[in-house]
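Both complexes below contain subunit A, partnered by subunit B and then by subunit C.
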Partner chain A sequence: MNYIVPDILLLIFPFIVIGSRLFCSTKSNIPWRIANVGCIAIFILLNFIPLANGNGVFFLSNWRVDDFGILMREVLMVSAILGIWLSKDYFEHSADGRPQLHQIAEFIGAIAFATFGGVVVVSACDLVTFFLGLEIATIPMYALTAWNKKDLIGSEAATKYILMGSVATAFELFGFSYLYGFAGSLHFTDIQSAVAAGPSPLLWIAVLFLFCGIGFKLTLFPFYTWAPDVYEGAPTPVTAVLSVSSKATAIAFLVVLVFGPLAPIQEQIAPLIALLAGTTLFVGNLGALKQSRLRRFMAYSSIAQAGYIMIALLGPATIAETAIIYYLFVYAVSNYLAFFVFAIIGHHREEIFASLKGLSKQNPSIAIALAISMFSLAGIPPLAGFFGKFHLFFSGASTGHYAIVAFAVLNNVIALYYYIQLIKSAWVDEPDGHLTPIRLTRRQRSVVILLSIAVVVLGFLPFLSNNIFSGFTF
Partner chain B sequence: MINDVTLSYLIFILPLLSFVVNGLFLCRKSDKAAAAMGISANGIAAISAIILAVHYFTSGLAPQKAILFEHEFIPFGNFLANIGCLIDPLSIMMLVVVTFISFMVNIYSVGYMRGDRATGRFFALLSLFSFSMLGLVAATNLFQMFIFWELVGVSSYLLIGFWYHKPSAVSASKQAFILTRFADSFFLLGIVLVSYVVQSFDFATLNDLTLSSFKAETIDLGLLVVSKADALILGSVLIFTGGWGKSAMFPMHIWLPNAMEGPTPVSSIIHSATMVVAGVYLVARLFPFFAICGSTLTLIMIVGAFTMVFAAVIACTQKDIKRILAYSTLSQLGYMMFALGVCQVGQTIVTTGWTASTFHIFTHAFFKCSLFLIAGSLIHQVHTNDLDAMGGLRKKMPWTYWCTLISILAISGIPPFSGFFSKDEIILAAFQGHHYVVFGLALLTSGLTTFYMFRLFFLAFHGEPRHEGVKAGHVHEDFAMTLPIVILAIPALLSGIAGKSLFAAFFVPGKIHAPQLVKLAEASWIPFAAVAIAIIALALAWFFYASPKARIAKALDESNRSGIYKTVYHKFYFDEMYYAVVRQFVIGGVARVARFIEDYIVGTLVNFSVWFIHKLGDLVRVAQGGYLPFYLGTLIVGVLLWRFLGNLPL
Partner chain C sequence: MNLMNCLILAFILFGIGVWGLIRRRHLVGMLISIELMLNAANINFISFAYFTAHDSTAGAIFSIFVFAVTACEMAIALAIIVNMYRRHHSLDVDQLRELHD
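Entry: the complex of A and B
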């Protein structure tokens, strides 16, 4: 029974946080405290669920909790907790030339709903639940992007996002309807046996549209076009949540699909996956080369990262799932570290490359944290990012897709180039006297230190993550 | 209590400790404390390494392999990646070299970095480098080697760019890092491929393979299906590419001369004695594996031999003292690399080249490190890298002068100095392998080496002072800097004689699953020929740059080649012919061709790819115009695109 407790808590949690606001003043810190306690409690509860329980535990016949699902829940909760911590300062004063945010309780509620959407995706056993989960995860994101009502750029970004998102949802629904038409059932196990019995054109149309639809959320080429504008327009904490939670949900969607209903035809769709991965990481890397705004830069960087993650989908189920989960943890930690650094800078300066000038002299601790996160994202050993990438490539290589792995490894050289540009701004350029000095609050300092240590330690002591690997039998 | 295992732990932990303590606590507090920490940690590590080596070689253990400690690092499916410490003659030798050189360079840095604003950071990074390099040489498997391989790359990047207020240093550090990373990406691919086929990272397993067992099975590489044996050969080339970049072999050599922008102690430890030999070490470590992989060794020989000649010719034309040494390092790395390559004789293997190559790693580390430290000393006194501004330093820096002479005689291969023994063995190995072209080139290059090294020597120390500071007598020797130079002169002098029997007895590459060449050609005349060539080159250098009649200003001045001079001094008409041959043909002709290849072909290729990537980047940026209908259009285009390109059987 305790398998489902965290899910129920997560569902009730946003109502409690939002409800608590009815009983206290606008300035009160109580909703924020409740949110912290609640999120961390759910995360700890998740860690008590034993792994390695085979096919998973079912509730009401179509709510499945399996190893992959539990670990994905942990990824999503980590992302939610860090997102909430990151957002707190934005409700206290304005940043990056944007007005201050309001209504923190609802904000946290929206993040929690989006997280719950991700949980639904990894627990679903039929198409309807699956689709609902994806929508629950997406709709709060539209609202979060436009959270700042007075900010025109944010509203524009949200408009683009919602319009393109609707088209993508239409693709998804179209794909699902064909899948249903093909299999005659909504349930995954029935679909899987129908697929195994023999594909037909209906199935291929469904696959094409499902991949194109999820390509929007996962920012695959050429469906990524919304990402740079939305990442740029949304408030920074929302951008961070988008780049981690939303991406994690989308990749979980693909994992559930490719290793569930579509498992019998994984080999036939491998070329499509490889192409999507290759073009996405190449275009993402190219786009990141010449950016001057930090969040836009992170948008392209995360597009490229999505391409790298896709490579793992080529491998056998257990290796791929392990690689993806581990990479998502690493990616979440490194990415949030970068966003925390950018947020600290954004509270005092504009979020552009030029604001990083002379950081190593004025605030060496932030500069070190920035370097750690960039080197990790670039995949330099022995930081966590390297091992994550190694697992992804290993997964792709273990089914013999050497061409795409080789392409990805070579692309890493381009990636190194632009990540180093950022480090160069922070470490090499002379300080600019006109920039406002940067001060850290205690929360910012402790979170940055915590995340930096996490990135280094995950890399130096990879056996700490053995619980991720132990759940799977290689 | 003190046994081999605790010693080996000490060797690793002390530099790491020094890095952590210096980096976190001491670097801001006190430069002196940081220096003391660096010197004592590396000193104890060096002593431990020497005790370990003495015990290993005297207790009858040698030449067995042993693993002193090993910890599980990451499980990959059914095989493990471990972190451990492998002991065999090769790794023991490298442990001693790395810790000893690191100790010397730490002492030297006290003098060299005096007054620098970030001395503490410098010592921290030096220790990080020693730690990484030690992890690399003691690796028990490919995976561990790769991790530390990248770590030395990172520390090299940080140290080349140590003076980050100099734009040239920053761009050099970036170039070095990205170029070696480029080579490393092939290395990583090679590791993935080879470990997938063999199902192990361990050197022991890799070195014990026979290709015949892999001929039957095939493997799908995505683009084509090949037999596993061919996949292994491809893997061996990919792995060698990693060493190709790290050891700066042509055409990936361009980063090494530019890396001279870093502080001189860094050039001395990283870019001459230790890190750049990592590529040679990699091939030596995996030698039995390379030996069974078809003609990979021949590729290694060609790459090494070409770099050797190419770099030596360029070194003859340089005036920047550190760049001469950098090209000289390249040339010597070429020697070590091709010595491994010449071991392949048709279908058979002869291991003399392996012994010679490892021997040369050993001797080269001492004399080249010493030469770099000397160069740093000179630069510290005259504040320029340019030979134009030196000269006449013999009187002012007597200790340095004599130590330089020892090291230069060593690199020139004059007996009984150390370089003679190892270089002689390399040349002999080329002869025994019937690689006569390479053999000839090696002899020629040893002449060139003597020529350019003595050119440097005479121009820097002999003749009239050409620098105001030297004339005014402001030049002196710094104790902290001279001490390591003097200490290093001892192995530069003796390591050849002392090492010869040791290497002959214990340094064999392990069991090789390939037919061995039984009958070796003996050629006792080779040492005499090599020494004769060296002496002729020495005489030429003396004639041009140090004899009473030598016109140093003219030799240095590249613009002045007027004919009037020759007609007035008929007496020197003969010399002019030499000048003409040497200057116009060798320097003007061959060197210009080499320069042309370097500047235009290599440079253009690099520049073109950078330009092309940037143009593509612009394209992506322009497409992102913020125009919503266009974005929506991409969704439709995307569906159509993947409908036709996605290989779906629609």
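Entry: the complex of A and C
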């Protein structure tokens, strides 16, 4: 019973945060403090759940808490906590030429609901719960994208996002309905035994529809076009949450599906996964080459990262799950570090490459943090990103898909080029006299230092990847 | 009336939804197209539940959940579209040109 306590707390948490608004003034910091305490408490509680409990613990036959689920919960909580910290400054003054945000309590509540949706996805054991989880994770994201009601491009981005997202939902539902028709039941174990008994054309159509649907949410190749627009139009903290939480939920969806109900035909759908992975990372890398705005650049970078993560799905279940969890931790930390740096720059200047000029002379500490996060995302050896990518590629190669792994490694060279472009503008380009100087608040400085240390330490201690938090469970 | 007829009906409805989504330039029209696609999936669920499934209540329940979720989604979508209309004074998707490469 203890295993379900963090989930219940996470469900109650947004109501408490939003409810606390009733008892204090609009300018009050109390909802934000409650949010911090609550999120960190849930994260610590999660670390108390011992890992390696085999098949997981079941509640009501369709809620399962297993190792993968617990670690995914931790990734999602880390993302929520960092997202809340990042958003705080945007409620105090305007940034990047866009108006200030309002209603921080509801904002945090929406982030917590989206996180809970991710938790539902990783614990679901039947299609209804699975579908509801995905929707709970997505619907708050639409609202968060449109949070800035006065912003012209924010409302445009939200419109594009909700149209694309609803179409994705329709495709997914169609896939689910065929899967239900094929198996005659909604429970994963029944579906798995039906799939093992022998595929039929209905199953292939279902798989195709499901991959179309999730392709939208995970920004896979033919369906990625909404991502750059939405990432650019949304407020910066929302972009950060979108690129980590939403992506983690979507990849968890695929992991649950591919290693759960569809496990018997994993070998047959491997070419489809490899094709999607290869094209996605190629397109993401090519797109990132010619960007000049920081958030748009991060959108293409995260499209490419989705492609790298897809490669791990080709491997056997345990190796793939370990690799994906470890990479998601690393990706979350590196990505948030980059977004914190961009947010600090965005508070004083426009969020474009040219704003980074001469950063190493004016603010060496931010320039170092930027370099660490970019090198980690590119996968340079001593940092965490290298080991993350190594595990992903190892998972793909362990079932003999050498061609796609080689293709991904070659693509990494392109990726290195554009990440280094960013570092070049911060370290090599001469400072521009017109740029306003940058000051850091105490919170910004401590978070940037914390995340920089995390990126370096996760890289120096790669053995953590076998069982990330087992050392801390007692 | 057999399973095949229902599946073909659902597929045609889904096709109309996709076609409408591509052809329509008006946001409310596009939302209606999306609604058609979602309800096509509902017809699938109900017909599978009625004709073949071992677990026939599950399919019917699923379609009710779909209604609820769709209602939430449309509520948010309409809110966003109202906001969009206040900013852009138009519901034509071709006006969405601020964000591009």
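Definition applied: the second predicted complex is superposed on the first by the 465 of 474 C-alpha atoms of A that agree within 3 Å, B and C clash if a C-alpha of one lies under 4 Å from a C-alpha of the other, contacts with A are read in each partner's own complex, and residues count from 1 in each chain.
The rule we apply is simple: a contact is a pair of C-beta atoms (placed from the backbone, for glycine too) under 8 Å apart; a residue touches a chain by one contact, two chains touch by 3 or more.
Keep in mind it's a predicted model, so treat the numbers as computed, not measured.
In the superposition on chain A, A:F223 makes contact with subunit B only, while subunit C stays out of contact range.
By the document's definition of touching, neither partner reaches A:H102: not subunit B, not subunit C. By the touch criterion defined above, A:A143 lies against subunit C but remains apart from subunit B after alignment on the C-alpha atoms of chain A. When the two structures are aligned on the shared chain, A:L416 is found in touch with subunit B, with no touch to subunit C. Of the two partner chains, subunit B and subunit C are each touched by A:K160. When both complexes are overlaid on chain A, the residue A:Q268 reaches subunit B alone and has no touch with subunit C. In the superposition on chain A, A:S185 contacts subunit C only, with no contact to subunit B. Ranking subunit B and subunit C by residues of subunit A touched puts B first. Residues 159-160, 163, 167, 171, 228-229, 287, 290 of subunit A contact both subunit B in one complex and subunit C in the other. Contact residues of subunit A toward subunit C in the complex are 126-128, 131-132, 135, 139, 142-143, 146, 149, 151-153, 155-160, 162-163, 166-167, 169-171, 173-174, 176-178, 180-181, 184-187, 190, 228-229, 232-233, 287, 290, 296. Those residues of subunit B that touch subunit A in the shared complex are 72-78, 146-147, 150-151, 154, 161, 164-165, 170, 174, 177-178, 181-182, 185, 188-189, 192-193, 196, 219-223, 613-614, 616-621, 623-624, 626, 628, 630-632, 634-635, 637-639, 641-643, 645-650. Here subunit A touches subunit B in the complex through residues 159-160, 163-164, 167-168, 171, 199, 201, 204-205, 207-209, 211-212, 215-216, 221-223, 225-226, 228-229, 268-269, 271-272, 275-276, 283, 286-291, 300, 319, 375, 380-382, 386-387, 393-394, 397-398, 400-406, 409-410, 412-414, 416-417, 420, 424, 427-428, 430, 462-463, 469, 474, going by the rule given at the top.
The residues of subunit C lying in touch with subunit A in their complex are 10, 14, 17, 21, 27, 30-31, 34, 37-38, 40-42, 44-45, 48-49, 52-55, 58-59, 61-62, 65-66, 69, 72-73, 76-77, 79-81, 83-84, 87-88, 93, 96, 98-101.
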